[in-house]
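Each in structure tokens, the structures are laid out below.
Consider the two complexes below, in which chain A is the common component and chain B and chain C are the respective partners.
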Partner chain A sequence: MKQRSAPSAGSASGGTTSFARTAAVLSLFVMGLGQWFNRQYVKGLLFFLVYIVGLLYTFVVLPRNIRGLITLGDKAAGFGKNAQGLTVLLPGDHSIFLMIYGLIALITFLIFLFVWFLNVRDAHRNGKLRDAGKPVPNFGQSIRGMQEKSFPYLLLTLPGLGVLFFTILPIVFMILIAFTNYSAPNHIPQKNLVDWVGFSTFSNLLVYSQWAYTFWNVLAWTIIWAIVATVTCYFGGIFVAMLIQQKGIRFKGMWRTIFIIPYAIPQFISLLIMKNLFNSQLGPINQYFRLLGLEGLPWLIHPFWAKVTIVAVNMWIGVPVSMVLVLGILTAIPKDLYEAAEVDGASAFQKFRNITMPYVLFATAPLLIMQFAGNINNFNVIYLLTKGDPKTGEYAFAGTTDLLVTWLYKLTLDNQIYNVASAVGILIFIFIASFSILNFRRTRSFKEEDILQ
Partner chain B sequence: MNKSKNGVKLFFSYLLLILVAICVFYPTLWIIMSSFKVGNSLFSETLIPKQLTLEHYADLFKDQKDRDFRFVQWYWNTIKVATISMVLGTLVQLLTAYAISRYRFYGRKTLMTTILILGMFPGFMSMIATYIILMQLNLLGTHGALILVYTAGAALGMFVAKGYFDTLPKALEESARIDGAGHLKIFFSIFLPLSRPIMTYVALTTFAGAWVDFIFARLILSKARDQWTLAVGLVEMVDTYTSTEFTLFAAGSVLAAIPVTVLFMALQKLLVEGLTAGATKG
Partner chain C sequence: MNKMKKPWFVMASSMVLALAVSACGGGNAGTTEEAPADETPAAETPAEQTADTGELKPEEGAKLLVWESADQKAFIEEVAKAFKEKYGVDVEWSDVGPDKSVAQMITDGPAGVGADVFAAVHDRTGSAVAAGVIMPNDVFEADTKALMSETALSAVTVDGVLYGYPYSVETTAVYYNKDLLPEAPTDWNGVVEFAKTFNKPAENKYAYMWPAGNGYWSFGFFGGYGAYVFGSNGTDPNDIGMNTEAAVEAGKFYQTLNQILPFKTGDITDDVRKSLFEQGKLAMNTSGPWDKESFKSIVPNLGLTTYPTLPNGQPMKPFSGVKAYFVNANSKYPIAARLFAQMASSEEFQKKNYQMTGVLPAAKALAEDPDIKADEFTATFLKQFENSVPMPSIPEMSNYWTTIDPALASIWNDNADPKTALDSMVQQMKDLAATAK
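Here is the complex of A and B:
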């Protein structure tokens, strides 16, 4: 492309004409027009094409999809007469598809608006360049300039799109589901329509009947589990790490390698192994009990013992992680602190309480909170060990060891009670997100990252 | 002065260490021993079987007419999915971390908070929607769908890598830029070589993540038995067959666990560094 010389007319005539404003206004009405006015023909053409496609989309596709999103359909599938007068099954509106299409349409429309905004801004910027008497960049230069300035955005576009369609869209969708009656047996498309019901799913879950009873009990167990699991793994890890790190213990590397084994074995396999190990009829654990003349325990089939077993198995998996972390921190504690303490005649426990513990706690506090959050959502341990069982008739679709997440999973996959499941998901999220954000904002990574460099 | 007291302490420490080591080893040893055991039952008189056999391992590689257990096929599927997801996911994650760590751009903090919040949603909260989207794209029952889901979410795990990039001195790219290197050149020829530890960490965790996931794998592949991964197959086996085919399950578990376990042990030091780097830097 030929290098265009800047039109000096604008600046020569005293700067009274504002290219910037004209270009921006032109682009505001017709995308690309402002660029043409700025003599950036290729870019203008590109924007114009986006404009045409976008307008067609906005007037042809969008209204239909938005309407679908609002009504969620008005005709269920059912029997009726076809053109030949025969009774057949006629397809109806599929509320859930309508909802998804509506959402996708809305997101696409927002992206279109965003590009429009970029187009106006671009026209305005280049107009300003002309006002200042500078040349506007040609297409090749624009591309290169974009690489220079918007490089991080370019890098993030593809991951961003992935996250948009496979994380954000599904989440928004699930949030919407919580406000409908999408559930078996009476509101499953295509046989039936789904309707918006406002907050009634939430009030059911929190206040009324068996739903509320199940929810509060499962929540209670979830919290107890998360606290116990986090604390046992954390202190278990500290304990093992300190055992290894003691003065006089030999083969430190060997011990560390041994204790890291559970961390290395894929979780789903070790959990399936444990499930068999604790089988109360045939499993070896109870077999050993019987050798000692004892009955053995109903490990995974009794409500209380199942909980105990889960915590113990979780320690087997979780302690190595904490151990690794703590080992790293222990080596970083200055030795002279201990020497000084020894001179003062401090006991081993005093040293632990006043030197080791504060150090370890300080370094791992953010992680501890993240582990707690992780345990609230610890799907694998529960689902692979007990599937949430032993069952109880008192709960709605939940067993005694179900966490909120496994309950959610069961409601979704096994029972198709989608609205309650997504309401549960939203509550879990609010719970975890609120203190995780607090925690995150306080960590150095967020606050002082520039100071660190 | 208190040598004997110290000796007692050491003795008990060793005792405890050995005890913990036994607890750690036992399940692993038990499953390995079971896989060599004659017969097929879960019940065994002794930990170390009286007779050892490789029959179950051979059995895994035979065509199974009576039971629908296609171990070889599943193994190959898992390797395929995990490797491709690893390559794509690592690239996505490192580039995201690089962009967020090394550039200051408008909306950066908001983006970080968003990533953090999104990472906290339980993944299967979005299951239904993911399912429907994949159905619309006609991808259900394919490995492409699984890879797509793993890769699309990879960016959300970027915090550890970001923490690592944060520690690399700014002067690096400044001097490179003065020498006229472009953004991507700086990333590929300066950052990637320097970030080998974190790259290995990310690659390995992505690989292992795809290797062990069964929630999405089951959802997406549920009907296509040929396409199953090991996790889906083995979990199903525990549900339906273990009482009658326990030793076969044991052999399958051992073979399924070996690659990831070996990788972890070989790269132990790196992983530990990655874990601690992630811990102190968020």
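Here is the complex of A and C:
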């Protein structure tokens, strides 16, 4: 590339002309033209190639895919006979594939528009350089500059594209499913087409029919469960930790180990064993009750007692976590606070209320909210212990101990009702996202506070 | 300004690359999507080629993938060997069990990554047909119909079209411990009488157990009294027969059995039954052929009999399952796949399968086979199979599964009026069907 001395060229061709504007306008209409105008020929050629490919794509591929995304297909696959009388598949449109191709096309088109924007911007920038009387870099300089200064941008492009196609696209796809009628038995491709149905999945789920009844009841139990499970584990943990930390308690290490064991056993095993322990006819727990002359309880088979049992078993798993957490915090509380309190004649409860509890709460409140969000999605405990049973016929595909997340699992994997499952998924997301946001806000508010520092 | 320019240029040029790559990707997507339209005539060409010879030949360069469970691997390899010899086509096996193959085929088949031939339990046939992922059994229809038992055929027929190539049947019957009772009672009267002498709840001793709260295991009572789920052939979603007079009769009798099995439905788990059976505290335990070997190992003196006769004089009619091979409608080699399914389900290979893995054959003639008749267990199961109802295979069946268990639980645990419970169950089935519209 020849590099002319730009300053003289720029000022010679008229003091009032703006190279920047001309280059930008040229690039706006034809990609690369502005770069040529700026005498960056190789770069201009590259942009022009993108322009050609992009335009071809936009006029040939894009309309078809976008149309597929809008209509979700016109003709489903079916069977026919060929000349020999053999049944053959007559392929048709597969709505779900059309939806994915449409999304890919849309994202690709947006990337093309973004490159176009960069091209205009680049032309404008270099035009400004010329306006200011500075030389524009040639291609070799641009590449060198790229290696020196902006290598990270180059590297980031790949993960960036990865995020677009492997994170954003599936999420958008999942959200879109909620606005279709993609569900068994009548709307499963390839023999059937899936249609857009707008918000009717949501209105069914929230207002009408058995879906609404199931949804609100399952939601209510999910929230109750999340609150109760979080609170019991949290205070259970504090309680156990404080007992172990009492003066005069011997074998502290042993106690800690014993309480940690339930957490260390894989839940897949321990919960399935629990299921047998709580068998109300033959399980050891009720057998012991009978030895004492009591009838025992219908642990896992009565809607109410099943819920109680789940909370209790969850404590057995969850208390160790809070306990370890609180043990760490307890050792960090300055001993002289307690000594001062003793001098003032404070009772044990007063010491707990005014020294221990504020310390513990201060350190763990954000975690508490996180645990709450986690419990909303606590799949293991419910699914392994009761599978959502005892069942009730009044619910659509759910049992009385099902959480939203286990219900969602049953809807997708057992019953292929994808649209409702997707809508439930979106609602769970909104729910948990609001708690996460709350959590982050709490964290910062704590950072700015300094009552205890 | 100058500093900023270069990063943007870099971004731009890397986006060029990105666009080029993704444009190709998108372009491909476009072409794959358009391809089906061109394929329609193409799909007919292989058949036209064979048209002049008049008999079926596998496609040139065909290569088959078969889905079956791991315990059938050896058998599939055996068939594959014979198939390779006869047609020169390679067959590969992959571990996808008959219970989950249809769900996977519904997603994998249209995407072009499904097996060419797969084994499935018949109760998902309706879903597979509704999704259009299985090929009708057209070429070998007459052969299959001549060979298989009536029940097996109707299980894999949807709307009058035969889809599957049945190879095995299974149903449930009553295993009993001959040390505890030498001869199993043939009717429920006998069972109840025996239970009165044998049952000792304090010692956890029970005469007869089955998962009472489960709609699969408890259907035998309803079937025996003449109740049905969907129409007479299990195909009419608008004719639900679970709250007919017959069904209520069955429900009433079912409820009386609570006295000989004083359990809550949720407590009768497989673990419980198996451990009691092993300890000699359970005299009769219901199960299918799949538990034969494990029961033999825990109960030395094991017997098997068909279900006891109901008080109305009719035998119980439990649900049965039919395992069949299906041809993937999207298979690249539909003719080779048909030939393989036909060969694997032929009488010769059903017998071989029985010898290798012990599964019950679906062929009528094999029920009379001297080897099989000599095997007391298989013969009993086949006898019970003759008196069974194939699980309805229409997609609405999921509404039955989800509503029957709570209905049984309320009849059994809470002593609810059978008519009320069954009426509400049927109403719920209708509601669920209505919401799916």
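As a convention for this text, the second predicted complex is superposed on the first by the 316 of 453 C-alpha atoms of A that agree within 3 Å, B and C clash if a C-alpha of one lies under 4 Å from a C-alpha of the other, contacts with A are read in each partner's own complex, and residues count from 1 in each chain.
Here is the rule we go by: a residue touches a chain if its C-beta (ideal position, glycine included) is under 8 Å from a C-beta of that chain, and two chains touch if they have at least 3 such contacts.
Here the structure is a predicted model, which is why all the values come from computation and not from measurement.
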(message) Contact-wise, after the overlay, does A:F97 reach chain B, chain C, both or neither (first, second, both, neither)?
(response) both
(request) Using the superposition on chain A described above, determine whether A:V115 touches chain B (first), chain C (second), both, or neither. (result) second
(request) Go through the superposed model and pick first if A:Q245 touches only chain B, second if only chain C, both, or neither. (result) neither
(request) Please work out whether A:T71 is in contact with chain B alone, chain C alone, both, or neither, and reply first, second, both or neither. (result) neither
(message) Looking at A:N279, would you say it contacts chain B, chain C, both, or neither? Reply first, second, both or neither.
(response) both
(request) Check whether A:I260 is in contact with chain B, with chain C, with both or with neither, and answer first, second, both or neither. (result) first
(message) Quick check for you: in the superposed arrangement, does A:P390 touch first (chain B), second (chain C), both or neither?
(response) second
(message) According to the stated criteria, A:T157 is in contact with first (chain B), second (chain C), both, or neither; which is it?
(response) second
(message) On the A-aligned overlay, A:N217 touches which partner chain: chain B = first, chain C = second, or both, or neither?
(response) neither
(request) Residue by residue on chain A, keep only those touching chain B in one complex and chain C in the other, then list them. (result) 97, 151, 153, 165, 275-276, 279, 282-283, 413
(message) With touch defined as at the start, can you tell me which chain A residues reach chain C in the complex?
(response) 43, 46-47, 49-50, 53-54, 57, 60-62, 64-65, 68, 76-79, 82-94, 97-98, 101, 104-105, 107-108, 111-112, 114-115, 118-119, 121-122, 125-126, 128-129, 134, 142, 145-146, 149-151, 153-154, 157, 161, 165, 183-186, 188-192, 204, 209-211, 275-276, 279-283, 298, 300-301, 389-394, 396-397, 413-417
(request) Would you pull the chain B residues touching chain A in the complex into a rising list? (result) 6, 10, 13-14, 16-17, 20-21, 23-25, 27-28, 30-31, 41-44, 47, 92, 95-96, 98-100, 103, 105, 108-109, 111-113, 116-118, 120-122, 124-130, 132-133, 136, 148-149, 151-156, 159, 162-163, 166-167, 169-170, 182-183, 208, 211-212, 214-215, 219, 231, 234-235, 238, 242-243, 246, 249, 253, 256-257, 260-261, 264-265, 268, 272, 275-276, 279-282
(request) Mind listing the chain A positions that touch chain B in their complex? (result) 96-97, 100, 147-148, 151-153, 155-156, 158-160, 162-163, 165-171, 173-174, 177, 240, 243-244, 246, 248-249, 255, 257-270, 272-277, 279, 282-284, 287, 316, 321, 324-325, 327-329, 363-364, 366-367, 373, 377, 379, 384, 405, 408-409, 412-413, 418, 422, 425, 428-429, 432-433, 436-437, 440, 443-446, 449, 452-453
(request) Mind listing the chain C positions that touch chain A in their complex? (result) 1-20, 22-23, 25-27, 29-30, 33-34, 36-37, 39-40, 43-44, 47-48, 50-51, 103, 106, 109-111, 126-127, 129-133, 135-136, 138-139, 204, 263-267, 269, 271-272, 276, 329-330, 334-335, 394-396, 398, 402-403, 405-407, 409, 413, 424-425, 428, 431-432, 434-437
